[in-house]
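Quick one: the structure is below, questions incoming.
For reference, chains read A, B, C and D in written order, and residue numbers begin at 1 within each chain.
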Amino acid sequence: MLKIGIIGAGRIGKVHLESISYHVKNATVVAVADPFMNDETRAFIEGFGVAKITTDYHELLNDPEIDAVLVCSSTDTHAAISIEAVNAGKHVFCEKPVDHSTEKIRAVADALAAHPTIKFQVGFNRRFDHNFAAVRRAYDEGKIGDAHILKITSRDPAPPNPTYIKVSGGIFLDMTIHDFDMATFLTNSDVEEVYVESAVLVDPAIGEQGDVDTAIISMKMANGALAVIDNSRRAAYGYDQRAELFGSKGMVATSNDTVSSAVISDENGVTGEKPLYFFLERYMESFSEEMRQFVDACENDKPTPVGIHAGLQSVKIGLAAKKSVAEHRPVKLSEID
Amino acid sequence: MLKIGIIGAGRIGKVHLESISYHVKNATVVAVADPFMNDETRAFIEGFGVAKITTDYHELLNDPEIDAVLVCSSTDTHAAISIEAVNAGKHVFCEKPVDHSTEKIRAVADALAAHPTIKFQVGFNRRFDHNFAAVRRAYDEGKIGDAHILKITSRDPAPPNPTYIKVSGGIFLDMTIHDFDMATFLTNSDVEEVYVESAVLVDPAIGEQGDVDTAIISMKMANGALAVIDNSRRAAYGYDQRAELFGSKGMVATSNDTVSSAVISDENGVTGEKPLYFFLERYMESFSEEMRQFVDACENDKPTPVGIHAGLQSVKIGLAAKKSVAEHRPVKLSEID
Amino acid sequence: MLKIGIIGAGRIGKVHLESISYHVKNATVVAVADPFMNDETRAFIEGFGVAKITTDYHELLNDPEIDAVLVCSSTDTHAAISIEAVNAGKHVFCEKPVDHSTEKIRAVADALAAHPTIKFQVGFNRRFDHNFAAVRRAYDEGKIGDAHILKITSRDPAPPNPTYIKVSGGIFLDMTIHDFDMATFLTNSDVEEVYVESAVLVDPAIGEQGDVDTAIISMKMANGALAVIDNSRRAAYGYDQRAELFGSKGMVATSNDTVSSAVISDENGVTGEKPLYFFLERYMESFSEEMRQFVDACENDKPTPVGIHAGLQSVKIGLAAKKSVAEHRPVKLSEID
Amino acid sequence: MLKIGIIGAGRIGKVHLESISYHVKNATVVAVADPFMNDETRAFIEGFGVAKITTDYHELLNDPEIDAVLVCSSTDTHAAISIEAVNAGKHVFCEKPVDHSTEKIRAVADALAAHPTIKFQVGFNRRFDHNFAAVRRAYDEGKIGDAHILKITSRDPAPPNPTYIKVSGGIFLDMTIHDFDMATFLTNSDVEEVYVESAVLVDPAIGEQGDVDTAIISMKMANGALAVIDNSRRAAYGYDQRAELFGSKGMVATSNDTVSSAVISDENGVTGEKPLYFFLERYMESFSEEMRQFVDACENDKPTPVGIHAGLQSVKIGLAAKKSVAEHRPVKLSEID
């Protein structure tokens, strides 16, 4: 039974608490720390029988009973807390992105290199989604042959508050970063080069923050495949999350999930449901699955499915994408320090 | 918080225990009774923190702390235990079918009539399935107008052991009974007349037991709609569960659920996944939802969504279907005592 | 080059004229006869370069240059003209139904028996539809194994004028007859028994004519398979024409044709086009294909794909269906004289 | 009745001859010229009742009876013959591309400017395809709002002979040119900038010819929308031709055409047919429709649907794409002379 402490009791911390309690065997949450702990959150956590609730995450790092921590705090603290936790001998599950700075991510990598028995996983939950996992499985099983063209469609149902942009690092670090990781996952390859064609078509206020809200990102993968991601901050029909991998032997493609398969035929046409709107609804099961695999890695001394390399790679692609927009040219990942 | 006792710790009893523990708020399982309790089952139940584990269900009926019981014992005991429980003042959730005999079901109804504050629900879980619920919702919202034709396709992935037939009451009482209830649910109407065209095409041993394995059941509903169910004991591609309701304004139809939406295009064609194979996998979420609504009815003094009338109606249709096969003619429900 | 005369220049006669002229090699229409020939029709026919236009079909039968005739006159004249044509040594393509009376159809069969070199084809064009032909092909290729359950959905976009009912012989002889033929075609088997559950739900005036407008027709096929047809005189979303054949190894199913594959996703849902509305639009290509095969049979002395047996069988099933409604019981085809 | 002469009796010239004869009212082919006329071709043409068959196209230009010519000769002669025809007072339908040189296309434009009553249409038949036309129609009707992201998938079933590359001008001028025109058609906008990420993944011999066989082409449209085309010279599952237009109000997307809608469910999965394999099969109806509209423009003095601007624009995009590959950077259309 893996004893877990959660650092950060915001939305995603609560998701993991619920997931582990209900859907993950061999693991239990024994402590939660959050500097802004309030009564409502405390009551929620107590509802899951968690014994230790604190405002100071050091209490978790110092608790010898705790085997692993989930770093669910704000992004700017991910790297520092992860390093502390690794040094304290805890396995670490760190939410994405590990950091916006490659230097800090490399510092985490260095800490991990110094503690080879410590497990570390980055929270790229979409890899564990039933649809995307099926794409990768088809590829691994040789059903589509060599990868030639990967297409990812990723459109949010609604744009964030423009003021969030400054904190988030912009579309490529807060939204596309998931797609960058997905591109490397689905092709099983790093990225070599990135080019972005982008625009502000959804909300001028996003443009005023120096960001874009619509983008087509072309990539050359290290294994020779080509990839393209299209992003929009707002799809009128909901959350659009699809992938298509085309190769020498064929293609595998996924469509969106819906609440039901019901289709109504009437004088207006033949109408199915809109995609699930909210990311927690769409990806709920993937949060359980990533946690199951993290627990399995810790308990059975296996490699985690998403290591620090993935955490670094995705941020480097994001920074290359930003540079491509700024300099209006293709940017090689080798240019990103 | 509704305190629940489960009577019968077989497959379906365990499903409810897990469902309530993980997915139903405001309810907790405090006791489980099973005459054949063994160590493995006991350990399973203890894993959910259930305090009382016994071989005698009377302990549950006599326990004043218990508000409601789930009758998950063998079919031939459903009615008697339900009546005892009702008389003991417990709300009752009874697995389907309530009984194979209409007389015994009416005895349950009589007990309920004598205890008007007691809640009673029959375990027709498919009503709570996301797809079928969406069909009924479309109908209730007037999207298809008046109901004209209902079509239900219900095919199992594999036939039961032929020896099971004698116990089960045959295809119409063990398999189609779900579809009969679905027909009344989706059209929001009782059945008036039944005609069956049937055959033994899957397994001659089923025929030797006096049963059929393939059937087309036509029905006239009390509200004037026509309905048809087609059944097979074996679909090579898995568990086929679809419905289509056609009316004056249009049609609503559902398709099967799959593990993922991945579709592979290659030289063999464009291939999606087979339907989910196993009924627990296919209908898992519906077991949670039926229980949520049962708990809600008990806690907030609402009518349950599936009462004793549905339990009686479905069995009467099943008996009419058997009579139709035996006498090779349409049979009115009014002929069934 | 097969020289063809068309008897009857109504809608279907014109369809064949156009089909042959544009889409059938090795055949040419050299004459058209219609007792009600008017200027507009004459101009239409002349537009295709047809040399002989007359009001008397005997001119066609007496013309030694003509190899084959298409009998596209009113239903009550089909049998008599067909017999005359056969006796005149012409190959005959006869529109469906051959007649409403089995006696007259048998008279055609007798004439054919007396002229074994004469080719005779009934105009069941839907057998040549790309979708339905694909179902039969899958069956013939063994892809679904033995046939167990056939389901045909056949719903018209709008009911006929109720006064037409008297002439047409009712729903089973004017509409379902196509589905009856389809049932025998798709299962490659005759019908043994028919039971109809029916209602008047679309238009009370149809009921006043003694007919029904909504029906579920169950059948037992001679090869042991079960079949069901559901009919409605009015589908709000257009012309609904689907089939599904289920067997020991799997299932083959078709969906409706649309003008385009365009699907719109917006805040209302994910909406595709309605089925093609009009039977000529939906089945246009099948009219060409049936004619190509008729011409091929005549030119190369092959059996035609739809002979007099199919013409008789479909009418017998229709009469059995009427009898089933009248007597409210299953009717064996052997009861129909 | 528009009297048409066809210049060039290769594959596409024959397609137009058959189309006009069978599917276009108000037009007739009266002459065909081809320098390499052989007996087989002559017989084919005579089969359609064409009176004048010659090796010298000047005979057509000099024939006062001929109203319009179709320029279906080899690409390098399109511009010169078109100019001659325009100067001879003939309406011109010119196959695509008009030429590989923008200078020569502008010369055609100049000739047209000098003859304002002459109609000129470029053979971008895919605009008339039922699926792509439906996308544009949805956009024109405001169903998707402002255009934000256009995605075109265009993959051939098999690569051309590598030796063809030299003649054809490479993938961007022989294959993608259709997609470039489609991009401007579907967004109703010119292109402003092009960037290509490309690779040789299908056939090294194509790379040896200095061309690529796999490409992702990003574009910024003049109206602000972004667009992306993905190309492959070989899709194992056949000819893949799809488009998806995403905008402020929603998305419209098309899928591939198949021979039938039949889907087989068996132990291998749920399998539909592959896309139509051959472009003539896939786009046959579009050839008739483009011709109908050309004839309508000539007969009724309307603008043609695809003028010389489209002919020039598509080639300029193709040249910009080649330059982008050569210089590995985004290229503005204004850079192309």
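Here is the rule we go by: a residue touches a chain if its C-beta (ideal position, glycine included) is under 8 Å from a C-beta of that chain, and two chains touch if they have at least 3 such contacts.
Model, not experiment: these values are computed from the prediction.
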For this session: Return the chain pair with more inter-chain C-beta contacts, choosing between B-C and A-C.
Result: B-C
Problem set entry | Farthest-lying chain, centroid of Cα atoms versus that of subunit A | C
Exercise. Same or different for subunit B and subunit D, when you check if over half of the residue numbers at their contact belong to both copies?
Worked result: same
For this session: Could you please state the distance in Å, as a whole number, between where the Cα atoms of subunit B are centred and where those of subunit C are centred?
Result: 42
Exercise. Using CA atom averages as chain centres, what separation in Å is found between subunit A and subunit C?
Worked result: 58
Problem set entry | Sites on subunit D at which at least two other chains make contact | 235-237, 240, 249-251, 265-267, 273
Seminar exercise, completed: Interface with subunit D, subunit B side, in the complex: residues 235-237, 240, 265-275
Exercise. Can you list the residues on subunit B that touch subunit C in the complex?
Worked result: 145-146, 148-149, 151, 153, 155, 193, 195, 197-199, 201-202, 214-216, 218-220, 224-228, 230, 232, 234-237, 240, 246, 248-251, 328-330
For this session: Spell out the residues on subunit D that touch subunit C in their complex, using ranges where they run on.
Result: 22-23, 130-131, 133-135, 138, 143-144, 249-257, 259-267, 273
